[in-house]
Each structure stands twice: as structure tokens, then as C-alpha cells.
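Heads up, the next two complexes both have chain A, just with different partners, chain B and then chain C.
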Partner chain A sequence: MPLRTDTSKGLALGAPATLYVGLLVVAPLGMLVAYSFWTQTYVAIDHSLTWENYRSAIGDPLVRHLLFRSVWIAALVTLMTVLLAYPIAYFIAFRTERKALWLLLITIPFWTSYLLRVFAWKLILGFNGLLNSGLQGLGLIHEPMTWLLYNEFAVVLTLAHAWAPFAILPIYVSLQKIDRRLLEAATDLGSGKLERFFRVTLPLTIPGIISSSLIIFIPTVGDYVTPALVGGADGKMIANLIQVQFGPANDWPLGATLSLLAMVTVGIVAVGYVLLLRFLGSRIR
Partner chain B sequence: MKRLRRLLPGLGTYAALYLAFLYLPVLLLPLFSFSEGTIVAFPIKGFTLDWYAQLGEADTLLHSLANSVIVGGSTAVLSTVLGLFAARAYVRHRFFGREISEGIVMLPLVIPGIIVASSMLVLFLFLGLRPSLPAVILGHTFLTVPFAVSILKSAFDEFDPALEEAAYDLGETTIGVFRRVTMPIIGPGIVSSLLVTFTVSFDEFVLAFFLSGNRPTLPVYIWSQIRFPAKLPNTLALGSLLLAFSVLLLLTAEYFRRRAATGQGARKESRDDR
Partner chain C sequence: MTAETIIELSGVEKRFGTLTAVRDLDLELVKGEFFSLLGPSGCGKTTALRMIAGFQEPSSGTIRIDGEDVSTVPANRRPTNMVFQSYAIFPHLDVGDNVGFGLHRSGLSRKERRARVSEALELVELGGYERRRANQLSGGQQQRVALARALVMRPKVLLLDEPLSALDKNLREAMQLELRRLQQSIGITFVMVTHDQYEAMTMSDRIGVMFNGQLEQVDTPQTLYASPGTRSVANFIGGMNFLPARLHNEGGGTLDMEIAGFGAMAVGRNPNVADHGRNALVGIRPEQLEIAAHRPEGYDSTVQCRVADIAFYGESIHYFVEVDGVPETMTVAVPNYFHSVDFTRGATAWLGVQAASVIDLGRNRDNETQQGEKT
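== the complex of A and B ==
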């Protein structure tokens, strides 16, 4: 097939989706950037450019605190989810014949409403909730435990549940790709099971770990629903503050600034994380 | 050694526990939706279908359900059409900028929802598009294109281009080839893409929360209900119905995806045999 028609056909077919998505990334972000340099008094937007929003956002201890906590919670969630998911991915890849069934079982809960799954955790962890009433009924505790809901712990637990398939699937794929002969070779050369895992299996799954971490970490920093429902005052994150600016507080320039700050923070942390893991991966061998 | 291994709780046990962790919150909704009590706590009191019956009388609920079906249906069609072209381009053609284009199309997966939602609200208002169902459809199409592209890419992966060439050689027109060769082969992939993108749109909350204005979608309606303890039993009943519906859709999508894979897979494997 001549190269020219291949290129032009490919470009023509790929263009609609690329342009649609590309424009809807660039144009809204452009608007956010513009807004972040404008200011607002009551309803009127002052279009003169100023760093004022950035100065007041970065100078505000609450903003810094929420940004830091969003990254911290997202990191905890990522760590928890990946740690809990790895053995399952390993089990599906190496220890069972019914791979398709297990993969389906894992994805089914994920297709139910996210809002309702988070809500269900609120019902489980609440003061009069399932866990407290159940344990009291069994006589194991006498007073309801109050540390379960409305804090960081509740947010991390809920999100580790919500993101499970996003961690399991990429890690499973990278485990599945491992050439089984490499494992046999490691055994033949005298590696014990643990050594074989840490020196062969784990390093080969680093790409899977990276992609599942990113796909969890990035949306989690900007999660709105979970902190709003189960986070209480101690579990609020940056998205909740952004929503306030676009909603009740009606300060769009500040909201835009916060959105951009959140995005830049996510980008920096994500790139740093990828570099760190690549470095660690290259050191193992 | 062997006996020791049998005694230690192994990976299988862990996998079973993990499944329980995944399913516990999800199964909670149907379990308590039949309870006469108005709080979720043990022991479960009585059995009733009242909460389900009351759903049929809630007008705002039915309106928001209709809104969600409109949004989900339009989104599914739009993103599947965009995905169909793009997937064909990525699988069949080697062209300049292909990798960049594939990267761009996947971007919606890695931008935090709140940023997509707030920035689209700003842009749409600037362009004169008030928060409305069309605004939500545009936003949801953006979010679901990556899903459509990945599903349809695997449909095209399994599709031997020689089949289309053979049909052309045998004198079929472009439309004839599409109707009699392309469609039957990637049809299951298209159905699967439609179902998955519909489900994603149907469940999406944050974007709809920002962009739906005074025509709430179902998740936005649910959001307004879960703040009121008095509405809890109805919300549980509604959640259980949604759960059943989503599982049904997903299983249908899975069925079509597998049919796409087995219908073509056998042929491809024999071709790839070394």
C-alpha cells in the first residue's frame, strides 16, 4: 500500500476523536489559565492581568494544607490499593485456571454506581452503622466506635475499595506477560521462592505498578465525592474547596487558580514518582 | 513441607477475603432495601416492598432517570462513532503522529474529574452554552472516548484485513464491504462499546453536577437524596435497582465482547501460529 494514502487515511480517521478530545483539553484549560489571572468583585470580572489569585491562594494556610492533604491521602490510597491488589493479580495470573471468571468477578462491583458504593461505606462505618450495630449485637463492643467515619481512614478505605480493579488489571497484565522460562531459569540457577519473586517477578511488573499507581493517584487527588461523604472535617480535600469556589462562594478566578495549582501538583508528584520507581527498578538487578 | 503449606492460609484464602471486601458494600444495598426499618443496622427488621413501590411515584426521580437515559444514549452513540474511526486508524494505518494522537485520546482518563468539570463549565459559559443536558452530553462524550477507543481497538485487532480486501476483489462496493464484512465482524465490539460508554455516562456524577443545571441526571438526583436520612430506604431501593441494571448491562457487554473475540480469534490464532 502506498505510504501517502496510508498516512492520509490514518490521519482522516484519527482526526475527529483527536481533535474533539484535544480541543476539550486545551480550550477549557486555556480558559482556566485566563481566569486565574483575572479577579472578581461580586459578579463583575476584572480582566486586567494579575498574580493576585496565586499570591492569595499560596499564601493561604488552608489551601496549602488541603493541597498537601490531597496528595498525602492520594499517596496512601495508591499504596494501600496496590499492596492489597498485587496478591490478587498474582493469584489470578499464576494460581488459577479460571482467569476470565476471576477478572469478571473483580470488575462487576466496579460497574455499580460510584456514588452508591461510597454511600454504602458511610452506612457501614457510621455511628449507628452496620459495623457498630453488628459488633454491639454480638457483644464484642459496648459503645459504638467513633473513629471509623469522618476522617482520613474512612477516605482511604473507601477509595482503596473503589479503585481495586484499576490496580488489579494493569498488574495482572504485566504478570501475565512474564516469560515463564525466566522463572524456571531463576529456579534452576538456585533462587529460592522469595529471591525469585524479588529479583525476577517484581522488577518485571514495575510497568504495571507504575500505570496502576498513576491511574489511581491522579484522579484521587481531585476526588470530590468521597471526602464530601465520608471525610468529615478532617478528611476534606482540595476538590471540595474548588467546588465551593465554583458553587456557593462564586469566586471563579480563585477556583480556576486552585484547579491549576492542583493539576501542577499532581503532575510534579506523578513525574517524580515514575522517575523514582524506574530508578529503583534499575537498581534491583 | 506440604502439610505445612496446607495449614497456612494461602493466596486462595486471601483472594476469597478480598472478594468479600469488594462485594460487601455492594450487596449491602439490596440486603437492606427490603427491611422495614429506616436505618441500616443489625438486626434486620421485617420484610417489605414499600420502598420500591414508592419509587414509582417520585416524579423528580423519573425525570432524572429520563435525563440520564437521554445523556447516556447520546454519549454512547457519539463516543462510539468517534472511537470507531480512531480505532480503525490506530490498528490499520501507520501514519505520522499516530502515537501522539493515541496519547491525546487517552487524556480524559488522567485528568482529575473536578478539573475537567470546572474548566468545562467555564468554557461552555464563555461560549454561551448554559448548563444543560447538551453540555453534559459533550462532557460525557469527552470522558468516554478512551473507553470506546480501547474496546474497538481490540475488535479491530482481531479483524483480518484480508477479509475486506477479498470482498473488494470479489466486486463488492465500499458500502457493501462495510455492511457485509466489516459490520458483522466488529458488530459485537460496537455493541460492547455502546454498553460500556452508556454505563460510564449513566454513573458519572461530578461533571453532571457542574453541567446539568436544572435538569439533574440520576446521580445528581441521588446526591440530593443521600443527605436526607428520611430518604434512606428509598435510596437503597433505587440503588439496588441500579445495581441489577448495571450488572445486566455489563454481562451483556461481556457476552458480546467474547463473541467478538471467539468469532475472529480462532482464525487469527491459526494465522499467527509459528
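== the complex of A and C ==
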């Protein structure tokens, strides 16, 4: 039957997206919320609703510690990545004619899988790894450095490397969008290069910095692979605990609760960050 | 001239690789004048302006502002300010902060700065607009903000890069008069770049006409119109009918010529033309030609013509006519008043012209002809 009204056309056009979001976002999220109010009783699930999971999760110092550490590591990763990405994006946007080539080079690490890249860092930083054996071979150190791997540092370094292109691209786009005449106008009005950067370029790229930061921060808080492989004991994050609940511990309701707690925490931190940067941006005169 | 020189360009050139954008530019501007650089796009006028502003360094030659050699002084340390073509209003700042942008390091207190900003906004009739965002402004208002932002710096020279080209026609005409009034009341030297001959003529004290990187003539609008020095200038400013002629006798103040189609006439010598020859070129402005159904009386030359085409402009009507012996179709502009002549396509009519309306354009050079029309 042909579509007759605008309404039915609209519904038909919207259907694929509705279906997609419904099946892949709303349904899993709903299940997660439902599970978080249920209870695991050995092999079966008790479907009566209870706040008990939340009470015990929030009351557990380990959960609070891991959640705090996850946010802390993610914040470090975000800060480091954005600070390193900005000059690279600036170089591509303003200082080179071969933009396409540079952008291509930056995406090269993405041609291999994420897991392989994490393993590559393990090979570089390990006890008998590239760095240690190389430095030993050169006679610069006498015994392998053990502080390189299985700690917070290794997690931050690996994640910062993994996320670099994601940070560079949004900042590059916001730099590229700046009308060059605005920079000339600032110069014309007496600004030197540094003043011009802080009063015109930087405030105009705040949207790019915000999207870079969120793109890195949000998935990093919940990252599971990197801390598991290079994090060691004091590099573990909240996602590792969640994995344990869904795996070995077989306590899905608690796992669901932890996931939702992590989501809410990320949400609060992200909104606070956006508001803070916007406020700082508006203070620049 | 007794007035003080404010800008002096001598032998200024700008080369980009093999392309010479501006060649051998000599120019002296007087304090308080409204000067326009006029020319087709790509003629080098914007490059010349950007060299005065300091955005581009001349490849050779010197630029002096108020007696000081600024050729290598960067833009942020020159006593010039610019109104950009697209206004370049900072989108992250409100109107007040845009206008006050350059006062940051002026040593003025916050209160004094605020007073200067509101004074500048009053000047461009935007008093009280301080807290508006840039994206809440119309094109005309953005133009005023850009103007206030430059004037608040009290520059020795204000540079304007096609300042009105982004405005619609009515607003543009109103702004032409307003800019002119503003310039006269504050007395700062204005240097404007434009490709619009009417804009240049209505606003400027003097106009420099540029073609292919070269300054061809610097004069008042009246002189440029009455005595253009080259065919390119004559062609660019106002409409012009070009006619080949033979120069028979050059002596005294007049030239005895045999003009194609119009016959023998004594044409006044053009003081801006140096080179005369037997092969001569003259020009007649379209509005200086009389068109009538019968042979008009009291003219130095009359000739029959055929109306090939008609264009109606509202305030005037243009007839495109063919005259025996004249290679190109001629344009006749007639003001449209109620008893105005009215011909149809293909009609036969008469043209009349006074010798005083014929402009001597010197030697007829074929290569110059091509150059003038290419741009």
C-alpha cells in the first residue's frame, strides 16, 4: 500500500533509526537497570525489587576506590592526550600544506586492532621488553627497570597513545574552521602571537577541546582491556571489577549496579567539565 | 599642496614567486584625505593595502607612515587599523569586547576603556549595543562594529578593504554617505580599496586607479571622469564610447581630428595624456550624446544611426546604436523624463555631439586596447 500521509512517511523514514536505537541502546540499558534491582541467589535470579545492590556497592571501600581511580586515570589520560594533541592539530591546521598526508599518518595506528596496540606497549615496556633490553644493550642501565609496566603509568601511556587520533581530529577541525581574518584582525588591533593565541584561537577551539576530552574520558573510565593487560595490581579499574561480577563471581545484579554507578559518575564529571570549560571560555576578554 | 603627507610609498613592489602583484608603486597620501584604490579584482589593490597595514612585507621599496619608515614593522605595531571585507567580528565576544579588544594593553583603566568603547559605538550609532552578541547583528551593524573597533584605536590611518561589498544596494548607498560624513567629522585619513567605481567616486577626495599591479592614474573623481589618462581608466570609470581618429594638426590647446563616423572636429587637449600620434583615440561619454528623430541643431557634429538594442534602467534609457564608419556599437544614455525620446529596435535616428564632449585619449595603441579589456 502506498504511503499517503506525511505522518506515515515520517514514521516509515524514522523506523530504521527507532528500531536501531530501541534494540541496541534502550533495551540493553533497560535490562541493566532491571538487573540492578534484582538479586542473585546462587544459580537463579530473585526478581523482587531491592536497593540492596546499591547499598552494598556504595558502602564497599573497594568499589569507591576503584571508581575514584578510574576517574583519576581517565582524567590523566584525557589531560595528557589533549595537551599533546593540541600542538599536533595546530601544526596540521596552520603550519603545513600537506594536511591530508599528516591526517593519514595520524590514523595509521588504527590500521591494527586495539588489542594488538596494547600488546605492543607490553612488548616495549616489559621486563625483557624493547626499552629495557635496548637501554641495557647500550649500557645505559644495568638491570631492567620494573616501574615501566603493570602500574598506573603504563595504563595512562597506553591509553594516551591509543586515543591520540580521536583527540587530534576534533581540535584540528575547530582550528581549521577559524576564519584567518579573525587572526589578522587581532594582529591589526595590536596583539602579538601569544596574546592572539590566548585571546582568539584558544577560546574559539574550546568546543573542539570539549569534544576531544569527552571522546577520550568517557570510554577510558570504562576501559577494561588496557588495565587488565598492562595495569597490574594497582592499575586495575572499575571495569575490571565489573568484568569479575559478570564472569567468575557470577553476580550479574551487582555487575549491573556497578555499571550504572560508573555511568552516573562519568555523566556527572563530564557535565561538570563542560560547564567549567564554557565558563572559563566566557571569561576570556 | 601645503597639507602634510601621512603615507608615502616609494618604489613599492610585491612579488609572489614569478607573479608581480604590485609593481613600482609611488604614492603620497595627505593627512585627512579620503583616498580610494580602485581597480578590477586581481589588480593588486588589496595587496597594496595589506602592505600598508603590515600583513605583507614589500619585496622592495619603502613605506613611510607619518615620516617613519615602517616597511619592516609588523602589523601589530603600526599606527594603522583595518576594517576587513567580511568585518572579522570575533564571534566569541560581545560587541563591547569586540570594540575594546585593542585597548587591552593601552594602559587605560577599565573605566576609561569602557568610556572609549561607548564613545566609539555612539560614533557609529550603535550606542547601548555593548552586550549584544556578534551573531545577533545584521550585516550593516557588523560593519559598524568593525568600524568602531578600528576607530577606537585612534589610528593615524584607517584602512578599509571593500568595506561595503557585503551589504545590499540600499544599505550600501546609505553607508557610502555615512562613512564619508564620519571621515570628515573625525578627520582621520581613510584609505579604501574597492572595485566599485561609483563607491570610489561618491566617497573619495582622490582615487588611484590600478590595473595589472600598476597604478595608472591618481586624481580627483571629477578629473578622472573628465580627463582619463589611459584607455583602461576611461573604460573602468563610467561608460565610454571609444572611437578611432586621425590627428591632423596638433597645435595650441586643441587638436584637429578626423573622428570615425563623426568627421572633423577640434578636440581639447587632455592634460593627462602625453603621447599623441597620427593614429589617435577619442572617447565620448554615453550621456554626452544627443539622440533625436530628426537632425538635431546646434551641435558640432551630427550623424545618422540605427538603434540596434535598447536597455531600460528606470532613471535612464540606454540605446545601443550603430553608426557608419564606427567599428563598435555605441551607447547613448538618455534620462528618462516624461517627454523622453522613444525609439524602437531597428529605427533610424540622429546623433549630435559637441566637440567639448569629446575626450582626447592620445595615441591609439592596439595592445593597450587588449590589456584594458582583459582585466
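As a working rule, the second predicted complex is superposed on the first by the 270 of 285 C-alpha atoms of A that agree within 3 Å, B and C clash if a C-alpha of one lies under 4 Å from a C-alpha of the other, contacts with A are read in each partner's own complex, and residues count from 1 in each chain.
What we mean here is this: a contact is a pair of C-beta atoms (placed from the backbone, for glycine too) under 8 Å apart; a residue touches a chain by one contact, two chains touch by 3 or more.
The model shown is predicted, which means the values in this text are computed figures rather than measured ones.
With chain A as the common reference, the superposed partners chain B and chain C fit together side by side.
When the shared chain is aligned, chain C comes close enough to touch A:L204, but chain B does not. In the superposition on chain A, A:G272 contacts neither chain B nor chain C.
Of the two partner chains placed around the shared chain by superposition, chain B is the only one that A:I88 touches, whereas chain C remains out of contact. In the superposition on chain A, A:L182 makes contact with chain C only, while chain B stays out of contact range. Judged by the number of chain A residues each one touches, B leads among chain B and chain C. Between chain B and chain C, an angle of 80 degrees opens at the CA centre of chain A in the superposed model, to the nearest 10.
In the superposition on chain A, contact of A:S191 is made with chain C only, not with chain B.
Using the contact criterion defined above for the overlaid structures, shared-chain residue A:G281 touches chain C, although it does not reach chain B. Minimum Cα-Cα distance between chain B and chain C in the superposed model: 11 Å. The interface of chain A with chain B does not overlap its interface with chain C at any residue. Across the complex, chain A is touched by residues 53, 55, 74-77, 80-82, 84-86, 88, 90-93, 97, 100-102, 104-105, 149-150, 153 of chain C. Looking at the complex, you find that chain A touches chain C at residues 179, 181-182, 184-192, 195, 199-200, 203-204, 281, 284-285.
Remark: chain A residues 6-14, 16-18, 20-22, 24-25, 27-29, 31-32, 35, 84, 87-88, 90-92, 95-96, 102, 104-109, 111-117, 119-121, 123-124, 126, 128-130, 132-134, 137, 161, 164, 214-215, 218-219, 221-225, 229, 239, 242-243, 246, 252, 255-256, 259, 262-263, 266 touch chain B in the complex. Only residues 11-12, 14-15, 18-19, 21-26, 28-29, 32, 39-43, 82-83, 85-86, 88-90, 92-98, 101, 104-105, 107-116, 118-123, 126, 138, 141-142, 145, 149, 199, 203, 205-206, 210, 219, 222-223, 226, 235, 239, 242-243, 246-247, 249-250, 254 of chain B touch chain A when the two sit together in their complex.
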